[in-house]
Structure formats: structure tokens, C-alpha cells
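Labels run A, B, C, D, E and F following the written order; every chain starts at residue 1.
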Amino acid sequence: MDDYNLLTDGLNLMMLGMGFVFVFLTVLVLATSIMSWAITKYEKSVGKLPEEGIPAPTAVLAHSKLEKPARLTSDQPIIPILTAAIHKYRRNKKN
Amino acid sequence: MEKFLQLWENTGLYQIELGQAVMIAIGMLLLYLAIKKNFEPLLLVPIGFGAVLANIPAAGIAEPGGLLHMMYTIGIESGAFPLLIFMGVGAMTDFGPLLANPKTLFLGAAAQFGIFATLGGAILLSYLGIFDFSLGDAAAIGIIGSADGPTAIYVASKLAPELLGAIAVAAYAYMALVPLIQPPIMRALTTEAERKIRMHQQRHVSQREKILFPLLLLVLVAFLLPDAAPLLGMFCFGNLMKECAVVDRLSNTTQNSLINTVTIFLGLAVGSRLHAESFLNSTTLGILSLGIVAFAVGTAAGIIMAKILNKISKEPINPLIGSAGVSAVPMAARVSNKLGLEADKHNFLLMHAMGPNVAGVIGSAVAAGILINFVS
Amino acid sequence: MEKFLQLWENTGLYQIELGQAVMIAIGMLLLYLAIKKNFEPLLLVPIGFGAVLANIPAAGIAEPGGLLHMMYTIGIESGAFPLLIFMGVGAMTDFGPLLANPKTLFLGAAAQFGIFATLGGAILLSYLGIFDFSLGDAAAIGIIGSADGPTAIYVASKLAPELLGAIAVAAYAYMALVPLIQPPIMRALTTEAERKIRMHQQRHVSQREKILFPLLLLVLVAFLLPDAAPLLGMFCFGNLMKECAVVDRLSNTTQNSLINTVTIFLGLAVGSRLHAESFLNSTTLGILSLGIVAFAVGTAAGIIMAKILNKISKEPINPLIGSAGVSAVPMAARVSNKLGLEADKHNFLLMHAMGPNVAGVIGSAVAAGILINFVS
Amino acid sequence: MDDYNLLTDGLNLMMLGMGFVFVFLTVLVLATSIMSWAITKYEKSVGKLPEEGIPAPTAVLAHSKLEKPARLTSDQPIIPILTAAIHKYRRNKKN
Amino acid sequence: MEKFLQLWENTGLYQIELGQAVMIAIGMLLLYLAIKKNFEPLLLVPIGFGAVLANIPAAGIAEPGGLLHMMYTIGIESGAFPLLIFMGVGAMTDFGPLLANPKTLFLGAAAQFGIFATLGGAILLSYLGIFDFSLGDAAAIGIIGSADGPTAIYVASKLAPELLGAIAVAAYAYMALVPLIQPPIMRALTTEAERKIRMHQQRHVSQREKILFPLLLLVLVAFLLPDAAPLLGMFCFGNLMKECAVVDRLSNTTQNSLINTVTIFLGLAVGSRLHAESFLNSTTLGILSLGIVAFAVGTAAGIIMAKILNKISKEPINPLIGSAGVSAVPMAARVSNKLGLEADKHNFLLMHAMGPNVAGVIGSAVAAGILINFVS
Amino acid sequence: MDDYNLLTDGLNLMMLGMGFVFVFLTVLVLATSIMSWAITKYEKSVGKLPEEGIPAPTAVLAHSKLEKPARLTSDQPIIPILTAAIHKYRRNKKN
């Protein structure tokens, strides 16, 4: 590639690049605005998501919801918790 | 006796070359700046130490078989380390302020002008015969203006691996210098009245928006610019893990031990590229000079775009938040806040500047994708 | 202009094929199930996101040189990730309930019938010409019935790597569906009176027993089924680290940052195998149908074995704990507990169901060893 | 391998596999039961292991057992602890 | 039937050789020592378990393609694991006591005589035809006297990889036995009056000294002994991260999840080298005998040097702290303290013994550098 | 290499090695002593470093020093902190 080509390529890349960044972020602004508008509308009728995440499937485990055990599965090691629960249970029993 | 001679000939004192001594001194200077001056210490401590280790004569720590060379090959050449860092940064990023005011994405777009102007400058210097940069070199130098370490390292490792050391050092050093570089430009381009503009309170952003945004961004990237997909994909993945709230234990590890471990290895590996041969030449001077131009132009472009938006938009926009579009998260946003407080001590801009600040990260990654697509 | 055309031709929109678009939608569906429906989110969030990334046209993230391909080669092809996960699971497992009542190991054995029945079914479908499964394919499909993610991934990566994506997705999806799949079968196979059976209080298990059990298991595996030794060996190692109490800092790291990091990488790597070519065909439908059969048969076999044991044994055994033998730790044990409480609100079966639950993990690993031994 | 062989192999694997799983777990039940019986008997005369692990070798360090410093070695970084101890010691001395 | 025979012929029982059975028993013995006798459990639990896994007949866990072989190749052969452990140890080390009393560095130097005396002994035994050690073997055996696990593993992996298993086991076993090995020697070489010597209160060491010391040490190593630069470089890097206080999050990860993860992998990989062929021979007996000689000679040399220093120096030096020069951090320092308290129950030597203790680590790494330089 | 050479090499390595260890550590003692002496002297006139590390560059951010926000950058993830700050700010505002 000779020097002149380098200059053209550089100029091309500058314009194309800056242009594409603007195109992309403009599309993103539009898409984001539409998404926010749609979600806001949707949430007015349906309600918001809980900020601490969705609890585990409730089909069967439904009425234990009050004790919130399902929530634990998703982000904590469950077995140690169960283990601890067993230990606690035994200890209480002993007393 | 012969063996004693061998020991002496194996010492560093016998073998050291001037270049290595200078590079060790430069490594020590980076450590000094990191520790004493608090210049981005999380990166510059490992980079500086890596530079010292790499230049110990006869030890070969940065040569094939050595630990730092292994880190470089496994983590940088493959692109894995910058991508994992991006995942961690994603898991630490809150898109709330951006979603509350999506127009600030334009500020993040404008500030990328620093990248492309610098690229043009490098090409011009090359055309004038002052330097000898290829198109890839020029693109990699321009990316310093992304004000984003992992993006700069990712692009440089693909387009100009031999300049990687200097580019990474320039990027982190100037990011640390943001509180010195930006204010004069910000003061010059804004009036006292503009700096006093108070912005409206941000609306509340719902969890559902925060969960869907990284997926939306991912889909747009997938369809419009696949070359930016690795960077923005990992960024969105980290952010989704954080926001979805059902994989908190993964998100916590990503934000802590995983990103810390990768940061140590990345820093050492980048430091190992600070060789005398590739660093001690006029090219590095060129990179350092062009790099600061990139920061300055990006800052100015962001502010000017903010002034334009302020004219167009119904809601008032303080031009000071434009400079935060260069990224340099969160330093640039804090500088915006600082100058806002200087003009009016009840004018808190921090939350408003976080929008362009993370928009700058997205804009830089998009710019990186274009450079990689175009050059390679 | 030519360059502009090149940019357009490089976009995903220009290059996307229908298959990729469908796979991206499937990845999004997995994310929806994981985040909104809480289907095993720790695995399905990374798997779903990996599937999206892998199908971005022209980005090549799952092709040689890409990050996800690297993760797959390093971690799955080599078997390292499932084994490390097994080490972590071992460090989180309490064998106490199993040691208090070793008979429950028979429940863990019986529930593996799901694996072998499904294998037979797959072979039969192949013999009838409906599908074209090799013996290795059939074995890998059967292992979905192990209801154990790392075991399924380990076996599939060895016996049928091209089916890995579908098998892993089926395994995790059905594990998440355990609260829907198991109860009807459990109710159909037990009488109200059986569900009300109260079990005796478990005896206290001493620390010495807990320390020696993983070593005993290891020795038996070493002598009887070396092919299961990698899986059960790492499992026993993790458990020994936990129980011996003198290496708590290693055990803690294993249970936290190590297993979390590996889970992220494993999930992304598995997701990267969800290609259009290998996923969008009738084979996947076959895998999904056979997989649910495996779960159902395993559940039924566990319950029937529990009824038999209840007849033979002096101590009463509630047949509801039989279904926990499929593993799916701890979901299956909680389902047993739930149905026990439904029948008698003071009948707590959780501790009793943990025995067959961890027995199922051992049983599955043994079955995996046999499959690998026989097929390869 | 023709289809008939596949069928035979499949049947073989089913029976062999299920059989082996039962054999293995039966052996494990026996071995576990024997182990538990032996340990219970042994512990009646010898006493149980402490659940928090065994302290470090005591041959020499015996009488410092009361302060339990040895326990620390096994699962905590000792040097920071010592460092902290030194700092604490100095600080106390200054006051 | 044929397949049933195949299954039986694939069992460990059919295939096991006597050597493997013995090695499994040795692995179990190491686990017993680690768990029941608390012999360096952080290393000997993984090493012992690794030895058991490696000797399971027909499983091939330590052969090419197996997990432990992978760990060995990636982490030990390359030198990466010992270096990363050294970084972690550096981040846990406090050079304060050493800086308060730099003379104690001479104790750390003297105690290395154990290494070189043992090397000479191994050469002599070879010359006499009792063993057949090469110079590299002798050097690797001598390094057991460093009383420092990662140093021993690093040197052995470079100079005598086939002896690595036995050398690592000897090093960790004798480190655990320090409270039994050292006291008789210490009592024999000191008088009651000497053991009662009280040392002056240590001066306060400023943060600036602690930050500059690792850099000073690094520069000296770079100039005088590049072969020790990888080991001491990573050690100094860890220490600098800790002391500089601006990268605490990196330092915390280094001291916790990073060093724990590497310790698990290193231990398993070292254990995988405990093969019957390379372990069950007279060489191992030679290594074990020479290893204990190394510890004893090092201890004696440290004490004698301390007695000499006590004569020369104005400030009193209790000879009991000399034995801490062998390293074995922090066990050896605690033994010094213990014997001091025995002689005078108000004579606290712990802080004073930490100086020679960390000096021993530096001394050993220097010795390691010389051995590597001379032999390879 | 014949046996005699091995013996010579061994002896050489012993003497050279032990000698070098002493030379190196002697140099280190000297260098350390000089360093400590120089630092002590320097700190008498200049003051000591804070043990908790140096705060971030203060050129511009000077007067916010009192609130110590800069310190946070160096060893804590700043964005979550900012996020938390934003949340707190909003919550306070709501009340």
C-alpha cells in the first residue's frame, strides 16, 4: 500500500467510523426509548419485577412461598443450608 | 574457577544492556506513579512490576518458557483477558442513569471523535514521513482515546501487537490524569452560566428495563457490527448476571475474585511487552503525544455535543457532563461533578454524568469493532 | 464506497441465516426460562447467553480462535470443567443422612433405571428406523436420566460430543421441571396411607464416619469401576476436604469462587454447542422426548423400590423418598418433603429424602462409568 | 455394526449396566454398614473426633494448647495473624 | 458374556499391580498424617489424594489426557504453580521484623548450609556407589533443606522431575515434623543461660521501608542472580501488593481464592507424580534420609551462626532464633518461641524469630537460583 | 561425566553456593541498613506515609478530600458504590 492509499484509507475509516458510531448509537437511543416506553406501559397493567429476583417455580411448592425457601436455591449453596438446618433441628431437639 | 566465571557471566550486572536498565527504571517510575501518585494503581502496579521483571537480563521471564510470556500468550494474544475483564466491568456497571436519559448516548458517541481524529493525525504524520505507522498502528493508537483499558488492549493485541505495551501504558496513564487533562478544556468551552445549569431529577428505572437493556444492546450489536460482539457480548453478559438477580453468586465472583485474578495476570502480561527494543524509540513518543491529543479531542467533542443537545432538547443539559462521554469510568463523571459544584455548590451532576460515562464504554466498543472490521 | 459495502456485507443483518436467528431466539428463550421462571438459572443463564453469542453471524465467537471455542476445548473436551464442578458439589454435599440410613442407597440405584430404560428406548427407535442413534448416542441420551448436569456433560462430551448442547439443555431443563414432572407419578404410585408413613428419627453420624466414607467410596470405585474414578474421585476429594475440617480455606474456595468461575465458563462453553446445524433437527426432538421419559421412569423406579424396601425392612420407609433417588439435588428431596406434608402436615421427609438424593448422585456416576467403559 | 448388533449391544448394556449399579451399591451398603458399626464400636472406647478438626502436632508445643494457637495454622493464613498480633502487642505497649 | 468379561477385565481388582496397591496405601497414609496428625494438611491432603487417584489401575487420571496429568503439565512443568504460590506467600509475609533487625538475614543465610551439605552428601553417596544421583538429582535433594515447599517443587521440576514426588513429600513431611526435629538439636547446641537471653524490643518499621524493601530485593536479585528472579520476583510482587495498600483488592484475592485454588491444583499435580515405578525404590529411601539430614544440618548451622552473632553484636541475640533460619514459616519461629518460654516463661521470642524465618525464605530462593544456574 | 568430575563439581557447587548465599545476603544487609537509615532521616523532615495507602490524585478533586471519596477508587469497586449512593440518594429523596 503506498502512502496515498494509506491517506485515503485513513480518511475513509475516520468518516465511516465516526458515522457508524453515530448511526449505531442513534439506533440504540431509539430502541432504548421504545423499550422503556413499552415496558412502562406494560408494567402499569402487570406490575413490576421484584428487584431481588424471581422465586423458583411454584407449581407444586406453592404454599411454602411464605417461608421463601425457593429463593435460596438460585444464589446460595443449598446443601450447606440444608445441612445447617438439619444440625439446628437436631440441636433444638436435644434441648 | 571456570564455574565461578560462569556465575559472574550469568549475573545481571555482567549482562545488562543500557536499554534494559532504562526499562527497569521506567517500570519503577510506573510503580512510583501508581503507589505514590495513585495513578490507576490496580493496573499500573502489575504493569510496572511486569516491566521490571521482563527486563531482568538473562532471566527470560518474558521469553518463551517464562511465566509472563505464558500469561501473554494465553491471555492477551487470545483476547481472553480483556474479554473477561469486560465481563467483570459489565457486572459492576449500572445502566440506570443511561436508561433514565438515553439521549446521553449521543455524548458517548461524540466523545469517540477523539479516537478517529487521532487515527487521522497518525496517518497524516505517517504521510508526512515523520512517523512510519501502518493503518493498523494508527487505529491502535487512536483507540487510546477510548479511555478504556481493556478495549485498548484488545484492539492493540489484534492490530498492532508490537505497540501494545506503549498503548496500554498511555491509556492507563492518561485515564489517571483525567482530573488534570479535562478541567482546562471544560472551562474553556463552557460559560459560567452553562456550568450552573441544573438538570432535572432522573426518573426511576424499573428492574425489567435494566434486565432487557443488555439483551437489546446485544441484539443490535449482533445484527449491525459482529466485530464488536466479543467485547460488548461479554460486557452485556456480566451486566445481565448482575441485573437478573437470580445468579448473584456468579455475579459476585465475577466482580471480585475473577476480575481481580485476571487483572493481576493482565497487568503482568502487558508489562512484559515493555521491551527496550519496542518501547525505547521515537514511536513511543509519538504514541504518547497522539494519546493525549485523543483524550483532549474526545473531551472537547463530548462537551460541544452536550451544548448542541442543550440547544435542541427541551430538558436542560449541563455541558459539563459531555466530557464524561470519553468513559474513564468513574473518574470523568467525578470531574464533571466537581466542576459543577465549583460553579454552584448545590449542583450535583454525578448521577447525570454516569449516563454519558457508561455510554462512552459502549461507544468505544463500537468504535473498536469498526476499526477491527476495517483494518483486518 | 467499496469499504462501505464491505462494512454492510460484514453486518450480521446481511449475513444472518435463518438457523442462526432461530438459535438466537432459543438462547433468549432459555434466558427467559432461567430469569423469569427460575429454571436452574445458575446454569441456564450462561448456557442461554452462550447460545446467543455462538450464533451471532460472522463474529466467530464459538469458532476456532474465539473465546467460547477456547473455553470448550480447554474445559469440556478435556473433561476438566465437569470434574471441577463435581469437586465443588462434593464439597457442598453432606453424606450424613445417607450414612444414617445406608439402605437408601438402593433407592439411588433403582432410580438409575431411567438411564438404562431410555438407552434401550433410543436403541429401539434406532432399530425401528425412526432415529439414527449409535450406541454412544443412545448412552449419552440415557444419561439425561441421571438428573445431574456435570455427569451428563461429562458423558456426552466423551460419547456423543455433537449432541452435547441438546443433552445439557434437556438435563437442566428437566431438573428445573422436577416439581412438575414428579408429583403426578408419585401420587399415582402411592396410596394416601403410604404417603402418611412417618420415618424414624435419624441417628447421629460421627465425624469419623463422614471422613472415612469418601475414602471408602473411592477405594470401591478404584477396585470395581475405574471408568467412574475421575468423576467420583473428584467428588470424594471435595467431600473429604469439607469433612476433614483441617483444610477449611481450600474447601471454602472450592465451594465459592472456584465452582462459580467454572460454572460460568462451563455454561458459556455448553451454550456454544447450540449450533443451528446440530440442534435444529429431529434428533433434538428425540433427545427432548427421551429425556423426559428418563426422568419419569427413574422417578417411578425409585418409588417402586422404596415400596419394596418398606415391605422388607423393619423400619418404616415412606415411598415418597424413593423419587429423590434420581438426584436433581436438592429439588427432588424438596418435592418428596412437599408431598409428605400434603398428606400429613407434620410429616417432615426432607432429611430422609436427602439420603436417596445424594445416593442418586453416586448411582449416576457409577452408571456413567459403565456407559463409558462399555461404549468406548 | 449392523442394526441387529446394535440391538443386542443395547440390551446387553441395559442389563449389565443396571446389574452393575445394583451390585456396586449393594457392596457400598455392606461396606458402609460395616464401617459405621466398626467406628461406633471404636468410638465407644476411644472417643469421637472433634468436629472442628484435629489440632496441630503437640509433641513439643503441648502446653500452649490452652491458647489454641496451633489450630490456626491449618485453615487460616498464619502470617497475617502473627502480624496482627505483633501490631496489637506494640500498640498495647505504647499505651 | 464377552462384554461381561470385558467389564471384569476392566475392573481395578483384575488389573491392579502390587506397586499401585502400595502407592494407594501410601496416599492414604499421607491423608492420615495430614488429617489425624495435622502434618501440613493444606498440602498433604491434596498430595495424598492425588497419589491415590494417580494409582487407580486403568483409570489413567495421571496419564496423558487425564485431569491430573493436565494439571502437572500446565502448572508444574511450566513452573507456574510454584511461582503463583510464591506470589501468594509474598502477599502474606510481613518483612517488618526482618527490617527491624537486618542482621537476622545472616541466620537465614547460615541455615542454607543444610542444602549444600546435603547436596555434598548425595554426591558422596553417589561417588561411593551407594546411590546413583546425578548433579541435578543431588541439587534437587539438597533443596529439601530449604524447608520451603514451592521452592523445592520449583527446583525439582527443573533439575530432577522424576524425583519430584518424593522430594515434595519429604519437604512437606519434614516441615510438619519441625517441632520434633529441631528441639533436641537446639537443646544440644545451647546452654540454659543462652536460652534465657532476652532480646531488645524491636524498633517500629515505617510503611515506606516496607514498600521499598521488596523493590530493593528485586533489584539486587536482578543484578546478582537472574536465575532466582522468577521465584523472588513473584515473592516481591506479592509483598509489594500487600504493603503498598493501594491495590488491596488484588492483594486480598492473591491471599485467598487465588492461592487456595493454586494450592489444590499444585497438591493434586504433585500427588500425581507418586508412581510406583518412580517412588518404590531405594532412591526414595535415600531422599528421605538425606532430607532429614538437610533439616538437621540447617538447624544446627542457624544456631551456631546465632551464637557467633551474639558474640560479635552489641545487642544480645538469643541463639534459639537461629533455628528459625531454615524457613518452615511459621512453625520454626514458633518452636524458637516455645523453647525460649521453656527456659524463661517471660522470654517471648516469636517476633524476633520471624526475622530469620522470612530471611530463610529469601536465602532458600537465592540458593535455588544458584543450583539452577550451576546445574542447567 | 565420570565419577571424579561429579565429585569436583559437587564440591565446587557447595562452596560456590554457600559463598554466594552469604555474599548476597551480606549485600542485602548492607543495602537494607542504608535504605532504612536514609528513609528514617528523610521521614524526619517529610513525615511518614499513611499506612492505609495514598489517596487518589488531588490536583482538581482537592477540596473533596474531607469526604475521602478518592480513597475508595483504589481498592473497592467504585461503580457499585456509586450505584448504592444513587439508590440511597433516591430513597432519601422519596421519604
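Operating definition for what follows: a residue touches a chain if its C-beta (ideal position, glycine included) is under 8 Å from a C-beta of that chain, and two chains touch if they have at least 3 such contacts.
Nothing here was measured: the structure is a model prediction, and the numbers come from that model.
Student: Using the touch definition from the top, how many steps at minimum link subunit B to subunit C?
Tutor: Minimum number of steps from subunit B to subunit C: 1.
Student: Can you name the chain that lies farthest from subunit B, using the mean of each chain's Cα atoms as its centre?
Tutor: Between subunit B and the rest, the longest centre separation is with D.
Student: What is the chain whose Cα centre is as far as it gets from that of subunit E?
Tutor: A
Student: As a quick test, compute the distance in whole Å between the mean CA positions of subunit A and subunit C.
Tutor: 24
Student: Determine the centre-to-centre distance between subunit A and subunit E, using the mean Cα coordinates as centres, and give it in whole Å.
Tutor: 47
Student: Using Cα averages as centroids, what's the distance between subunit A and subunit D in whole Å?
Tutor: Centre-to-centre distance between subunit A and subunit D: 38 Å.
Student: Quick check: what residues of subunit C touch more than one other chain, meaning two or more?
Tutor: 3, 7, 35, 38, 41-42, 211, 224-225, 244, 246-247, 249, 256-257, 370, 374
Student: Check each residue of subunit D and list the ones that touch at least two other chains.
Tutor: Those would be 9, 12-13, 16, 20, 53-54, 74-75, 77.
Student: Going by the contact rule at the top, pick out the subunit C residues touching subunit B in the complex.
Tutor: 3, 6-7, 10-13, 15-16, 24, 28, 31, 34-35, 38, 41-42, 45-46, 49, 52-53, 56-59, 61, 65-67, 70, 256-257, 260-261, 263-264, 268
Student: Spell out the part of subunit E that touches subunit F in their complex, as residue ranges.
Tutor: 99, 102-103, 105-106, 108-109, 112-113, 115-117, 119-120, 122-124, 126-127, 134-135, 138-139, 205-209, 211-213, 216-217, 220, 224-225, 244-249, 359, 362-363, 366-367, 370-371, 374-375
Student: Subunit B touches which residues of subunit A in the complex?
Tutor: Result: residues 1, 3, 6-7, 9-14, 16-18, 20-22, 24-29, 31-33, 35-36, 39-40, 42-43, 48-54, 74-77 of subunit A touch subunit B.
Student: Report the residues of subunit E in contact with subunit B in the complex, numbered from low to high.
Tutor: Subunit E reaches subunit B through residues 78-80, 83, 211, 215, 218-219, 221-227, 229-230, 233-234, 237, 240-241, 244, 246-247, 249-250, 252-254, 256-258, 370, 373-374.
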